[in-house]
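What follows is a structure written as structure tokens; I'll ask about it next.
We just call them A, B and C in the order they show up, numbering each chain from 1.
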Amino acid sequence: MSAMSPRADVAVSLIQVAKSYGDVEVLQPFDLQVAEGEFVVLLGPSGCGKSTILKMIAGLEEVSHGEIHVAGELVNYVRPRDRDVAMVFQNYALYPHMSVRDNIAFPLTMSRRPRLKRGVIEARTVTAADIVDLTPYLDRKPAQLSGGQRQRVALARAIIRQPAVFLMDEPLSNLDALLRADMRTSLLEVHARIKKATLYVTHDQIEAMTMADRVVVLNAGRIQQIGRPRDLYTAPANTFVAQFIGSPRMPLHDLEVRDDGILHFADVTLTGDADVPLAPGASVTVGLRPSALRTTSSASACFVGEAKRRDYLGSDSYLEVDLGEGLSVVVRAEADAEVRPGDTVRVDADPGAIHVFDEAGARICGASVCRRER
Amino acid sequence: MTAMHTTEHKKRGAVASKDRARSGLPRSRPAISLSYVILFVGVAIALVPFLYVVSTSFKESTSLFSYPPDWIPSPIFWGNFESLFADHPFAQWTFNTLFVSGAVTALKLWFDSMAGYALAKMEFAGRRGVALLLLLSVAIPISALIIPMFFVVRYLGLLNTYWALILPPLANPLGIFMARSFIVGIPDDLEASARLDGASEFTIYRKIVLPLIRPGLVVLGMFTFMLQYTSFIWPLIAVQDSDRQVLAVGISGLQSAFLQDWGLLSAGMLAAAIPITVVFLLVQRAFVFNDLSGALKE
Amino acid sequence: MTHIDPGLTGAQMTLSSEEHRRLAKRYRRRTTLTAYAFLGPNLVAFVVFLLIPVVWLLVSTFRTGGVLGPAEFVGLDNWRDTFSDPLARTSIRNTVLYSAMAIPAVFIIAMILALALHAIPRGGAPIRVALYLPTLQPAVVAAFIFTFVLHPDFGVINYAVRWLGGDPINFLGDTTLALPTIAGIEVWRGTGFWTMMFLAGLTALPGELYHAAELDGAGAIRRFIRLTLPLLRPTFYFAVIFATIVNLQLFDSVFALTDGGPVNSTVSVSLYIYRSLFLFGDIGFGATLSFLLVITVLLLTGLQTYLLRDRK
């Protein structure tokens, strides 16, 4: 194909891909490239269009606009079975009338060119089952397995195909919390072992932050940000990402930049860390990340306010601190710090705690410097 | 919900339904007793008429009209059955009926499940139109079509053949909607997964869809077989040749042709009831009389 | 971990939008062809044995002849003949009357039996088989069986009548009794089928609702009217439509027992259609009557669909 064709070491390439049903646009045009061996997580609230992206790559949904390339080949008009992708579904999608063995072997028995010998299929089935620790369960039916085991069958069925790309649609969301953490580790182990490009859909930010090489944050059919987990946390592209990543949720405050180009926040001033100073009179939104704020006894604290509410989390606790003028922040405190509502609290901010967004919600800069007024 | 474990679902459904039987409706002692009384009366009314048939079929015509009627024939007379098989092609009728009903059932289950799969799961141009057309024609009474059907079949040169009996019933679209309602219950991800795993549409149909809707197909099959076994007006018209005729028409001929030989007629009715009863008892175990009513839900 | 060369994110589409349109159309055409391949056998049967006959019917209502001589266009003559034919009207009246008697009766009896079957803790299986036996008989067989049951001399019903001191009743020889009798035979035959149908509907009902209703102190009859009947609406919808279609085609038992008599009191539309073809060979007339039957059933099922629609 033409010289514009995506590079071969890119496993999946989406170019100006968009999806609409009739007049309803569910996905705005976007670009995304996934490298060989990369683990990319599509993260967003339900209904944001993340599963639709997987289904388009798999060929289960038509692409309304744009091109999808898998392993350097345009696949828009290639049947799902010829796309060299394997998918793991949220509900596992195991064939209930077949044994675990037949479920795992199914993709190989479907293979026509080349048609595989029974011995080969059996050997590869056993290998795949071994990778996911299912060997003792090969002769059971899916109904006789636990949720985690079912999920591993689905994984083995994807592995056995040796596809160019793995697609996983919320594979862990039907498991309970404990099992989910285990399965996260096993998934990463399997990924480290087979090193294939993986697109993983989830609404769980912990899954995204712990597993991903890169995260694609989506909301309402639009890509909000593409970046490494660390980038999303330290430099959220907009208020949506800032609030979606990180727990507890980042409080936001709408402010106006004064005529002197300085941002006044309660009784302190914030100075943007961008090269260009903030425009006087501009309306901005300021967010302070709770996990980067902490209580201090130092007299040089950034903020001083009154404690209002305390959430005890075990490892630490979070305080809501009223700074006056209708402004408040949420601050991390020692788990057993003795703070009662009404107490005066001093707050220090780590670098990267404060983010300034423009009126449309896009990030302008951080505001790392803070100084007590008066 | 992990709706994909349809078989598991079914098993649990069976247990749950027993549960419901206890929880749902009156289960006080008097209510249960009353229910048994009602059912006893119902069973009696359903079965007593058959006693006439059994009794009469073993009587000689001359001893039929004794009054008051004696229920137990003495001596037992086998002549009616002998005459049935010797003087009439009764064995042939039985074979014809079983063959035609079996063929119609097999073909309809096959075709209807294929069409049901397309309507339930495939996106294609004209899908709404096709579905609406088929749904409308569910309401077309077949006996209103006997005249044109007669000419169509005659035009095709099929009068007096098995084909005349087998092909026209295939046009009835009701089974498509029943099959579709079974298939709609299969989670989309299951076929999506198979599609990605390299299965063709036909393979998905054969290896995934068919096994999963088997309980429904048993019911639909019995339903089709029964409708076919009891059909009358169309065989009456399409087949003149007695050797190609089906039981229902053949038996009615026993009566009109030989004035009222009640013994012979009863023997015919009794013998004709046996195959379908056996078929019914055979599938009865697998026959959780399923809700077919989902077929017309839109 | 490998990271994407930023230059790559500017990758351009490799095909023009015309090429995309062309390929998308071809791809869609392939899925559509697959779907029609699955529908194929049915559609062929549908066209040959349903669509063509219906169109043929419509055309024939405006023509005459066709069996011996060539067909001839006669305009609305057949329609005029059919509407002015008293026997045609009688046949329609009989058929509708028969359905109006048979359907409610069989539904009520079947519902009672289904509720009873649903209530009993054990013994259901043999009872179901026994109730189903009449349904397995062809209608003509059911009709013949009832000539025994109704026989003036040795039928069990007249035996009872005589025992009570009455005169034997000639059920099928009486102009007012013949049609209800035919309906009664169909009720006997159909009860098993509808019992199983309703039982299946009852079994599928959610138990939790009943628990709630019971806790609310609703009595059995109240529960049945307020909960069971509305919840069975889909089952009833199917039942009413299906029973209407089947019963308006009344033919077999009339053909076997009365041949329309006495004095045309049991002539059904289907019987008259049959006669018009095989007795007097008047195809135009028969086609018009057939077409009327088609329209009647379509309108009735349409009306039922409207009345039983989901009013949520």
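The criterion applied here is as follows: a contact is a pair of C-beta atoms (placed from the backbone, for glycine too) under 8 Å apart; a residue touches a chain by one contact, two chains touch by 3 or more.
Remember, it's a predicted structure, so these values are computed and weren't measured experimentally.
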Which of line, ring, star, complete and other names the graph you get from chains that touch?
complete
What are the two chains with the most C-beta pairs touching?
B-C
Mind checking the centre-to-centre distance between subunit A and subunit B? Centres are C-alpha means, answer in whole Å.
55
Counting only Cα atoms for the centres, state how far subunit B is from subunit C in Å.
14
Residue numbers in subunit C touching two or more further chains are 28
For subunit C, which residues count as touching subunit B in their complex?
28, 31-32, 34-36, 38-39, 41-43, 45-46, 48-54, 56-57, 60, 109, 112-113, 115-121, 123, 125, 127-141, 144-146, 148-149, 153-154, 156, 159, 188, 191-192, 195-197, 199-207, 210-211, 220, 223-224, 228, 234-235, 237-239, 241-242, 245, 248-249, 251-252, 255-256, 269-270, 273-274, 276-278, 283, 286-287, 290-291, 293-294, 297-298, 301-302
Quick check: in the complex, which residue numbers of subunit A touch subunit C?
1-2, 4-7, 9-10, 13, 15-16, 31, 33-38, 62, 66-67, 69, 74, 76-77, 213-214
Looking at the complex, which residues from subunit B come into contact with subunit A?
2-8, 11, 187, 189-190, 192-200, 203, 207-208, 211-212
Touching residues of subunit A toward subunit B in the complex: what are they?
55, 58-60, 79-81, 83, 85-87, 89-97, 106-107, 110-112, 141-143, 157, 161, 174
How about subunit B: which of its residues touch subunit C in the complex?
16-17, 19-27, 31-32, 34-36, 38-39, 42-43, 45-50, 52-53, 56, 65, 67-69, 107, 110-112, 114-115, 117-119, 122-127, 130, 134, 136-152, 167-168, 170-174, 176, 201, 205, 226, 229-233, 236-237, 247-249, 251-252, 255, 262, 265, 269, 272-273, 276-277, 280-281, 284, 288-297
